[in-house]
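Across the two complexes that follow, subunit A remains constant while its partner is subunit B and subsequently subunit C.
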Partner chain A sequence: MAEAYRFQGVGRDLQKDLLGQWYQRLENAPRTGTPVAYLFISGNIGELLRSFGFELVFPEVNALQCGVKKVAGDFILKAEDLGYSSDVCGYVKNDIGLAASGNRGPFGTLPKPDLLVCTYSGCNTYIKWFEALAELYGARLFMLDVPYRRTGEQELQQDRDYVVAQLEQLAEVCAELTGRPYNPDHLSELLENSRQAEELWVNILHSARHRPSPFDAYFEAVFFMAPIYVLRGMPECVEYYRAAAQEIEERITHRLGPVSEERFRIVLEGPPPWPHFRTFWELFKRWGVCCVASTYSKVGGIWDFGFRHDPSRPLESLAEYAMNCYTNWGWQLRRRMMERYVKDYQADALVIHSVKSCRSFSVGQADVREYFTKECDLPTLFVESDLADPRYFAEAQIRNRIDAFFEALEHRRVAGPHPGRA
Partner chain B sequence: MAKPNGSWQKAASWEELVTACRPLVTDVSFPTVEAWKEMHPGGKAIACFPVYTPQEVLAAAGALPVTVYGARGQVEIDHADSRIQSFVCSIARSTLELGLVGRARSLDGLIVPSICDVARNLSGVWQRNFPGQFVFYLHLPQNPESAAAIAYYRSELGRLRREVGEWVGRAPTDEALREAIRTYNRNRELLDSLHQRRVEAPEQWPAAGVYVLAAAGNVLPRAEHNALLEKALELGAARRAPQRDTVRVLLRGAFCEQPPLELLEVLEEAGCAVVNDDLQVGSRFLLGPVRADGDPLAALAEAYLRESVLTPVNHPGKRSRSVDLLERVQAAAAQGVIFASPKFCEPALYDSVLLKQVLERAGTPYLEFEYEEKMTVFETVRMQAETFVESILFFSEKS
Partner chain C sequence: MLAAGVDVGSTTTKAALIDENKRVVALALVDTGANVVRAAERALHTALTQAKVEEWDVAYTVGTGYGRYRVPFGDLQVTEISCHAKGANFIFPATRTILDMGGQDTKAIRVGPDAEVKDFCMNDKCAAGTGRFLEAAAEVLGLKLEELGEVSARAKKSLKITNVCTVFVEQEIVMHLARGCPVEEILAGLHWTIAGRSIGLLRRVGLESEITFTGGVARNSGVVRALSERLGARLNVAPESQHIGAIGAALFAWERAAHGAVSQRNNQSRALGPVPGGN
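Up next is the complex of A and B:
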């Protein structure tokens, strides 16, 4: 049997190694004289910055690491002591609290930014966040203005042209700061790495169409997706997804999956409650629930409908990517995506985890519940907590809601659909 | 001039004018809009969510732009709770409630500018719940330093012009746009005069009254509002104002969701002479006149990117909100600043942290509290404001 399971655990272990190495490089950056840029995950244009030799810091990733390692609460309180309201984003407060604590977190010590690139894609809070960091660090701030996908399926050429023009300006800023000229050939090499990693990642996402699914597209995807968001463009990122794909292939061969017996397949909308991640997962696992598709795993970018970075059109392709991360999509597109997931992945239900911190994700999710329950007759569960602030996770209440929902779903399965409904 | 709105025309004093206009602030059944539609059969009224919409484009298409600041505390939020969660600001939920309960029947569409995540997502919720309406999400550029921003915003205005034109069945011509720009320029000029006079003599031009008269423009056609403001300037100058001990304050945070009018009155009663504020700032968003010759959309785009007020929702680029605040404090000779942030308004709440630090360094006293449009009890605010006023009058080095 040991021979049969050669690749199990590779995806997780290798991810930890790669992220550990990345944080180590960041810690060493001031010593090695490596320029450091801060930017956001959503629609990030990391390859462009990497082509100038920047090491990249993603404050959201630091915040989620603090959440998972259960130190976010202290950082958040520190930010509140500095005057931040209890009603603003926990990620921002975590980051401010972290910065006010010497930037030392569970991942080591983070370097200060030489450049802040506000890749304002899908979240207005990003702007406020980096405006605050610009004051805090006295660092240069480049505001990459990424228009929202606001006209349904129709993409606007004007939006793409505008983002491309700004990327050209950003390249000038990077050249000025690093003393390196913009090298489109090098950028294209990095984008070719991105393209290959994306191809492999999409195969992993699509594997959840199997029954049973070999992969939890939410609770596991959040680990598997880290390299494509923070290390995209680097050769080790491609290697990672080759290894992870082998693990998934092996699971398919042996009918292995995230739960011992797959009883319910769900689509999940919304970010995880990082400080209570394990607990939250267990509440679903005990019902044999596997998440077969999630929107959160597309928070940085969407590839499973065909997009790939295109090395032959480097800046255009970065612009298209930036405009098409999940929260930069209008509700019409977001609803359609969930509908497609429910159909393509044969899901039994939609679960919405609504977080107070992220209005970008959350505002309108209750309307989505209305839509799916009333117009699509799809059982939909709505639970609320937070992605960063541990104070908002009411375990007993959430457990009750999850238990009641799957109990009802099980009953419906045995007794048949509600009379009068299809 | 529109007759049904004309009760303000009979006003013989400042007080009568304010009293006549007061219902226009709070009546969210929008009677003046209904009246306008009766007089303009087939005409479309388009709601504009705050903070700023280039309403000249709508007016040039023959539509009536209506700035909707939520339900002004007049509606119980019930149906909207099933669409938008309770940790969201009141204005988003109450605006949706107006639509869901049929109070916004006279409004045929909604334009939402890109001010925050809540407003942005509201546009999608509105679109699904009111499929027959004209819904337009307007991207206001956030990179004022980009050489491409003006051309980009001009193309976004072109999209608005085209789509509004298709919706109302009348494409705005360049000349109609220039005419609208002239009317709005006059409106901005009159509003500036009104606010400037308040800086010079706040007892003569009380903030709550100025607010009501400015708010009438949210629902009236601009030409009519211009006539109203001209009258206001005359009547205000003739007013006999009582002299009293007050402290000159600058009010920040109310650029989107509006506080109840009573809150302004309470501040004034407590001894605050509000000499500068960002209340309903959308109508004063552009700082100078917009060019009324040449390409009108380019003129609007340039004005937005080069000569607009700084709020928490438009990135300042190379300008600085801190410097701007200190300059405003100085220009208005304000003795203190009041940060009045709407509950759950993230942009306001983030900015106030940084701006408070600036004021501390400058030695300028400030007071901070949160409000909601449906707030009905003001005693805590009154007490805070009275203490603030007393602390400045009796203890501040700068008093």
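Up next is the complex of A and C:
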């Protein structure tokens, strides 16, 4: 029996090890003289920076780590002491509080940046965030302006050219800072690693089409997706997804899944409330809920509709990738994506977790709820707290809404099949 | 056979008893206070005394409301959203939309013909425009809660109240009082504001006739009047509007008992639905 389940837990354990090693390298960077670049997860062009030997820091990942380890509240208060308003993004305040505390968090001490690359311009707060960091560290700031995708199946050629031209400029900045010339062959090698990891990751995401799903595409995906966001391009990232895919294969063989009995399949929109991650998950688990597809696992990149990094067109494919992360899509495209998830993954409902301190992404969610409830007759639940600020999480209220929602779903099931859907 | 429902709300705790013919035989209401368990017990015992029966005459008990997990004798917990749907449908069978305004919560619920919840929306993490808002206003105006409707009926016009925040509305009322505005006009303005906020919630779930108004605030004729006027529609308001959740809970208990469920009193109670082993 032990032999039969030899891959169980590999995905989580290996991910923890890899992230631990990465944070260790970051801590050692000042000593080893390794250049350090800060950038955002959404549409990050990390491979280009890695090809110049940069170690990468992702402030959002640090913020979520602080949230999970329950220290975000202190950092947020510190930022508020400095004058940041209570309405400012929880991630930003966490990061500013962290920087003002010697950059020492639960993951160790972070190095100062040699270069700040604002890789995501879809959120104006993010731009201000990196401007604040540039001032704080006196580091060089490169603003990568990625055009927002409002409509249409394909990004525009002129938009792609515009991003490629900026990436060429960025390569010059990197060469200047590191003293290394731009090496497209090395970049292509890294992108080949990215491509392989993406292929494996997509297979894991698609595995949730099984009944029962072997994998929770939200509560588990947040662990499984970490390597493809922070270590993409590196050989260990490919190795990781090979091992994780084996774990999922084994689960399918043995009909194992994240819940003991899958009773409801949901699509989830919005990031998790990190300081209350476990509690939030439990509120769904107790109803036998499995998330079969989520949009949050696509904020760093959408691969499940076919995109792969292309080593033969390095800068072009980096540009296409940056334009097509979930957060860079307008609501029409996002809504279409959720509709497709509901259909492809045979979901019973849509759940939206809205973020109080993030108006730029939360603002269209009420319309999404209305669309799915009224136009598609799909049960849709809207709950709100925050991704980093523990003060916004009201367990009694969230629990009440989740319980009422699944009570009603259960009632529908007893009363008969859902009209309009098989 | 009797079935009981206990609705432990943030301000008051309600109990309802129904007999085998689904007739409501007793209704009780007590202040929740700090001890939720005690409040649940007091409410049930008040109802039992009213009906002149003993605890063992009750075949099954369902707990609802925020304190539902603390009802020690509850066999099952059901959210107040489902219970209000059930209770409103029982009293007004043509109900399709419910507005429930309690102490700290305002809920809009859209229901189907057999009381199934189709959609619901609740106020945000803020008691703006709930019963607590009216309590705060009554206190500043030196009135009792039950006087609000009657006093506001005397208003010739209603003042424009811009605040819906329970805390800041007090300052606005004081400002109007200082200007010499009549109390009834201030009150009429408050009712108009509170109604507007609730209609926003109702529209989010989709307004369908008939509309049933439940919860403690439904006893305030001023709010009922303002809502009817703003909606241009008549609202169903039952004399037992405050007990609709408890009645709904008792109906769930009745169904369970009718299907042969045995009370697990003194054993650990569990929630409707969640996988056994969950809490």
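To be clear about the criterion, the second predicted complex is superposed on the first by the 412 of 422 C-alpha atoms of A that agree within 3 Å, B and C clash if a C-alpha of one lies under 4 Å from a C-alpha of the other, contacts with A are read in each partner's own complex, and residues count from 1 in each chain.
Keep this in mind: a contact is a pair of C-beta atoms (placed from the backbone, for glycine too) under 8 Å apart; a residue touches a chain by one contact, two chains touch by 3 or more.
Note that the structure is a prediction, hence the values are computed from the model and not measured.
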Partner chain in contact with A:124 - subunit B first, subunit C second, else both or neither: first
Which superposed partner A:26 touches (first subunit B, second subunit C, both, neither): neither
Partner chain in contact with A:384 - subunit B first, subunit C second, else both or neither: both
First (subunit B), second (subunit C), both or neither touched by A:370: both
Touching partner for A:411 - first (subunit B), second (subunit C), both, neither: second
Contacts of A:293 with subunit B and subunit C, given as first, second, both or neither: neither
First, second, both or neither for A:394, with subunit B first and subunit C second: second
Subunit A: partner with more touched residues, subunit B or subunit C: B
Which of subunit B and subunit C A:259 touches, first, second, both or neither: second
Interface residues of subunit A shared between complexes with subunit B and subunit C: 366, 370, 384
Complex contacts: residues of subunit C adjacent to subunit A: 66, 78-82, 112, 114, 116-122, 124-125, 204, 206, 271-275, 277-279
In the complex, subunit A residues that touch subunit B: 82-85, 87-89, 92, 120, 123-125, 127-129, 131-132, 135, 143-145, 147-148, 150, 156, 158-159, 161-162, 165-166, 169, 330-332, 334-335, 354, 356, 359-360, 362-367, 370-371, 384
Complex interface listing, subunit A residues touching subunit C: 259-261, 263, 282, 285-288, 366, 370, 373-374, 379-380, 382, 384, 392, 394, 396-397, 400-401, 403-408, 410-412, 415
Subunit B residues touching subunit A - in the complex, by the definition given at the top: 81-85, 87-88, 92, 114-118, 120-125, 127-129, 137, 139, 141-143, 145-149, 152, 155-156, 159, 312-313, 315, 317, 341, 343-344, 346-347, 349-354, 356-357
